[in-house]
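Below are the structure tokens for one structure; questions will follow.
In order of appearance the chains are A, B, C and D, and numbering begins at 1 in each one.
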Amino acid sequence: MHMTKVRAAVAGASGYAGGEVLRLLLAHPDVEIGALTGGSNAGQPLGALQPHLTPLAGRVLQETTIENLSGHDVVFLALPHGQSGAVAAQLGDDVVVVDCGADFRLEDAGEWEHFYGSDHAGTWPYGLPELPGQREVLAGTKRVAVPGCYPTVSTLTLAPAVAAGIVEPDVVVVAASGTSGAGKAAKPHLLGSEIMGNLSAYGVGGTHRHTPEITQNLSKMIDGEVKVSFTPVLAPTPRGILATCSAPLKPGVTAEEARAVYEKYYGDEPFIRLLPEGQWPQTKSVIGSNAVHVQVTVDERAGRLVAVGVVDNLAKGTGGAAVQCMNLALGLEETTGLTAVGLAP
Amino acid sequence: MHMTKVRAAVAGASGYAGGEVLRLLLAHPDVEIGALTGGSNAGQPLGALQPHLTPLAGRVLQETTIENLSGHDVVFLALPHGQSGAVAAQLGDDVVVVDCGADFRLEDAGEWEHFYGSDHAGTWPYGLPELPGQREVLAGTKRVAVPGCYPTVSTLTLAPAVAAGIVEPDVVVVAASGTSGAGKAAKPHLLGSEIMGNLSAYGVGGTHRHTPEITQNLSKMIDGEVKVSFTPVLAPTPRGILATCSAPLKPGVTAEEARAVYEKYYGDEPFIRLLPEGQWPQTKSVIGSNAVHVQVTVDERAGRLVAVGVVDNLAKGTGGAAVQCMNLALGLEETTGLTAVGLAP
Amino acid sequence: MHMTKVRAAVAGASGYAGGEVLRLLLAHPDVEIGALTGGSNAGQPLGALQPHLTPLAGRVLQETTIENLSGHDVVFLALPHGQSGAVAAQLGDDVVVVDCGADFRLEDAGEWEHFYGSDHAGTWPYGLPELPGQREVLAGTKRVAVPGCYPTVSTLTLAPAVAAGIVEPDVVVVAASGTSGAGKAAKPHLLGSEIMGNLSAYGVGGTHRHTPEITQNLSKMIDGEVKVSFTPVLAPTPRGILATCSAPLKPGVTAEEARAVYEKYYGDEPFIRLLPEGQWPQTKSVIGSNAVHVQVTVDERAGRLVAVGVVDNLAKGTGGAAVQCMNLALGLEETTGLTAVGLAP
Amino acid sequence: MHMTKVRAAVAGASGYAGGEVLRLLLAHPDVEIGALTGGSNAGQPLGALQPHLTPLAGRVLQETTIENLSGHDVVFLALPHGQSGAVAAQLGDDVVVVDCGADFRLEDAGEWEHFYGSDHAGTWPYGLPELPGQREVLAGTKRVAVPGCYPTVSTLTLAPAVAAGIVEPDVVVVAASGTSGAGKAAKPHLLGSEIMGNLSAYGVGGTHRHTPEITQNLSKMIDGEVKVSFTPVLAPTPRGILATCSAPLKPGVTAEEARAVYEKYYGDEPFIRLLPEGQWPQTKSVIGSNAVHVQVTVDERAGRLVAVGVVDNLAKGTGGAAVQCMNLALGLEETTGLTAVGLAP
């Protein structure tokens, strides 16, 4: 098939999310990479900031202005929280805007204000095509709010059980994450010397900003609100999240029944794989890929369903979802330019 | 004070537990290191197997026989599961035997058989002096069952809340651990190439052997049995466990009250530190040390108490507890030769 | 262009080299993956052994027999040293055989016997297309000896200087490598617990088997033999080699002249990038990719040229070179299915 | 022996060097820890900045003023380059001042100005007691310049060969280091996300500031100047340096002779261990300790002596040397409070 390539710009090309979008776009057969913009890094060659993007090494970052971002079919926003709304408003309704930030994820303005401490910008179609009906919502859309990394894996790991009503709506998620989710801004506690050999808890007690997003996703699946206890753990690896999720099991549900629920729910999803019985997920299997690996079991003594899911926080957890949603928005094959093959070892 | 040094033997000196006991004994002012024995490594110099124990580099491992272990005041057993009973029986009742393995930890023979698949060897005094009344049990004892690493941190992190009855007896523990807990036997999934950059779940659904030990410890604190959902996660670091623990909060309990419960419970424990409000534990703070750092909060929305604890699985989680209990058994000052100072960064 | 896909088999699909070949073939538009064989792992599903190769998870490993490997256009051998010759002999002269092992790399039988302690199997076209004239040798060949990982990066980093005669033929290479180069066989010193937080030297004093291969490559560029002092260092990362190379500078050569030599030598190579002045290579920029990043400078005081190169030992250092050479052997575009984009962070 | 404890202050207690000095002083039986000062961190509790120093968690950092540092027997300076001179001048000649910074290491003012770009502060007794005659220089001194981490291990690894004249004075040092040597100031390229899985070269071509210090040390051992080619490599581990050192061998020197030279040179040094033949150093063996492990061999084909040494850059490479020198300066037993036992795994 011969077609004109889609022209894509990336705002925030020097950060981790922007870099990942570019890494994936470089492998996308239907995309031509247009403007690359940055904040304080404008004027620098990309090769000095993202040396792994070898083919783009000579490209120079422009300032993040509407002029520079104009004239593209799709614009990826990988900006600090709170900046996407103003940019999107000026880009016009005919441009596909994919926001990798949090600004348009939450539907409840009060929740946004509680967790982010600023005015709510609005709500865009939520970029998780694996949720019921969501693929249709995203087809042809001009605006996409890419989900947060923790919500992506937590939601996908729990959704089948919650939707089927085989658990009480009272879930516990403890998710160990690599450090790239914390971004590229230099902070002492994120130094390699601090991170290597270290495991640390943060955002404990429901204070992490991804908590209301998980709650929003899961609560849509039932009549009522799902209680979510979410604890993130920082782990010494650059990429990957492993989410250990559990909830009280409804009486009499067996491991086989739970497994059947998951099989049915995700049967033909291109990027979600329910592992064979007895095999548990590891993040390494999905690094660099758009795949999500999931496993589920039942702990009879504790009376809980326990499910574990893994995702690459930068790939399917951010940049991969962005590209997947772009494909849907533009009417391309959903999986184009994406892979379910991880980089291991 | 002038005293004759205690003469200590270590059976299983080539493994991680045995090596850690030796590392700590080398810093103990009242101990003289006697026989070092190994299994298939007998005949080799310790310097080839544990090159970090520089002062012992020239010592040659002997076979693990009663002859070689006789004539010591204390014998540390760091053997594979199931081997400690026979050795201990021949050592005589006047020798202090500290078992770093699992053989004598569980009180319920049925639980042992269910999780370990062999006959129950018996039950020895449980080497967690920080539990109520346990310090007294250990004083002057001739036998010690050193707790498992996960049970140590899980129990200490949850004990105050469970004992005070501020939570329902239905706890969820997700504990990320370094790899040394898996031992030194070479297995493909423990290779550095597999471990680095990887997070993986295992023993999910209550199948890990430390589950009944956590249950046993916590259930002693209430009238009834505590339900324990325990999931271990393998993390890319050699040492350290971070346990994220939670349970449904009894109605009306505030974060301040929860904190007061913890402060009171651990007020004067030499190795347990409740961190200042708002500071969350990280494993690196306790690496190489006998310290346990704990923090607790309340998640009002989720209706749960959330507590996080960290321990060095080889130090306070194994070898440090062994030395601490030896001190108690021999009537030495409990903290001798041990430190609450971690190695960081 | 419509074409029949090339049918490829991989012998040794459960190891790191075989897994990497498969990872790359899954992204190759012109290849269909045929038989996958293993040694002791025959009969197991690939998903249990290489869970990152999600699309092949259900494929079952066959035994490594001629029957199973027959009927393919290309066969990749990722076998232990010494096994490739017998297999290749039976595959027939019309099949492209790409050997990822060492058996056919060395030209001097005496060197082979000295370093490998067995009979020399022979010499196949050496799979480093970036060497002068080598691309032509590989075009249409039926046999390829994929270079060793250390020789690939050491040779490419030093070749321009040695060939131009701006250094004495007396080079020092110290190369820090990730652990995957040591393979997937479980050995205690390669356990994650041992590797993480550790740097260790091995094969010091010219005893590493890659030494004669580096010597062979560099000596072809001059009239005489290049003296090579090679020391590998094991570093705590799964992938990547950083080679620090130096040699006494011929009198009067400036940094600018050295740089010009490198620019000219590698000007239009698709996978080799001489970094901008002042930017030094890091392995992370090339992980997962076929790229080699190189930098060179002159240390006037020490009188030496110093050049640094990086490669992904499994990608361009093994599997990527294998696919690159397959492309040449089959008359496909050399870069098909390969990327110069690394996976970072 | 009953004695009044030495009272020690640490200026720069919030950084890595200051933290390591404190970690070691906490284990020193003859030292009482006095004032702790910091720059921008003054006013904060140490527990928030160095949570591993559990017993000092409640101590609050003071400002780095003469008033705060006065009244101590020994003052450790762990300050940014260029600040030690002014502080030391005001502390008085009767106080032992141990400078962990670079200010007083170099003897040649021109070299200082070339590499550091500021005025030379002077030269203090060099804190490497293992150099010939240096132990005597340090006994009773009131000023100590603690060596750099790279110079410590490079000098100790090469000194025997250079001093004995069995190599040409033309050495090549490639040293892979953990990240803590780069300090605790937050810089993007030192983030955990950048460091993990990465190997990178820096300061190539003789531009690293430790180059003239290595040259100074080695040149004292011969009649003339030793040419030093030094390349540091940043490796993904918090601590530890492995230095691979080589030099052209004088004709006819055998491996046995080289080994004998090293044995004689370091025969009774308490912290330096020449490993048994065939065993090569690894950093993990010396982490947290004051030990240096060294091995040497001869590469006959390449005509070079190759020696490898390891050190913990923060311990023997900084804080341990500081305490060792304090012991000498105060007339205490040199090894007091220090260990040759590393923390592994």
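One rule holds for everything that comes next: a contact is a pair of C-beta atoms (placed from the backbone, for glycine too) under 8 Å apart; a residue touches a chain by one contact, two chains touch by 3 or more.
None of these values were measured; they are calculated from a predicted model.
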| item | value |
| --- | --- |
| Chains contacting each of subunit A and subunit B, listed by label | C, D |
| Chain copies touching (subunit B, subunit C) - same or different residues, decided at half shared | same |
| Chain located farthest away, centre of subunit A as origin (C-alpha) | D |
| Subunit C-subunit D separation of Cα centroids, rounded to whole Å | 37 |
| Where subunit A and subunit D are represented by their mean Cα positions, the distance between them in whole Å | 45 |
| Residues of subunit B touching at least two other chains | 16, 178, 180, 184, 191, 193-194, 196-197, 236-239, 282, 284, 287, 345 |
| In the complex with subunit A, residue positions of subunit C that touch it | 16, 19, 23, 26-27, 45, 47-48, 50-55, 57, 180, 184, 196-197, 238-239, 273, 275-276, 279, 282, 284-289, 291, 293, 314, 339-345 |
| Residues of subunit A touching subunit B in the complex | 170, 172, 174, 176, 178, 191, 193-194, 196-202, 204-206, 227-231, 233, 235-242, 244, 246, 255, 280-284, 287, 295, 297-304, 306, 308, 310, 345 |
| Subunit B - residues contacting subunit C, complex | 16, 178-180, 182, 184-188, 190-197, 236-238 |
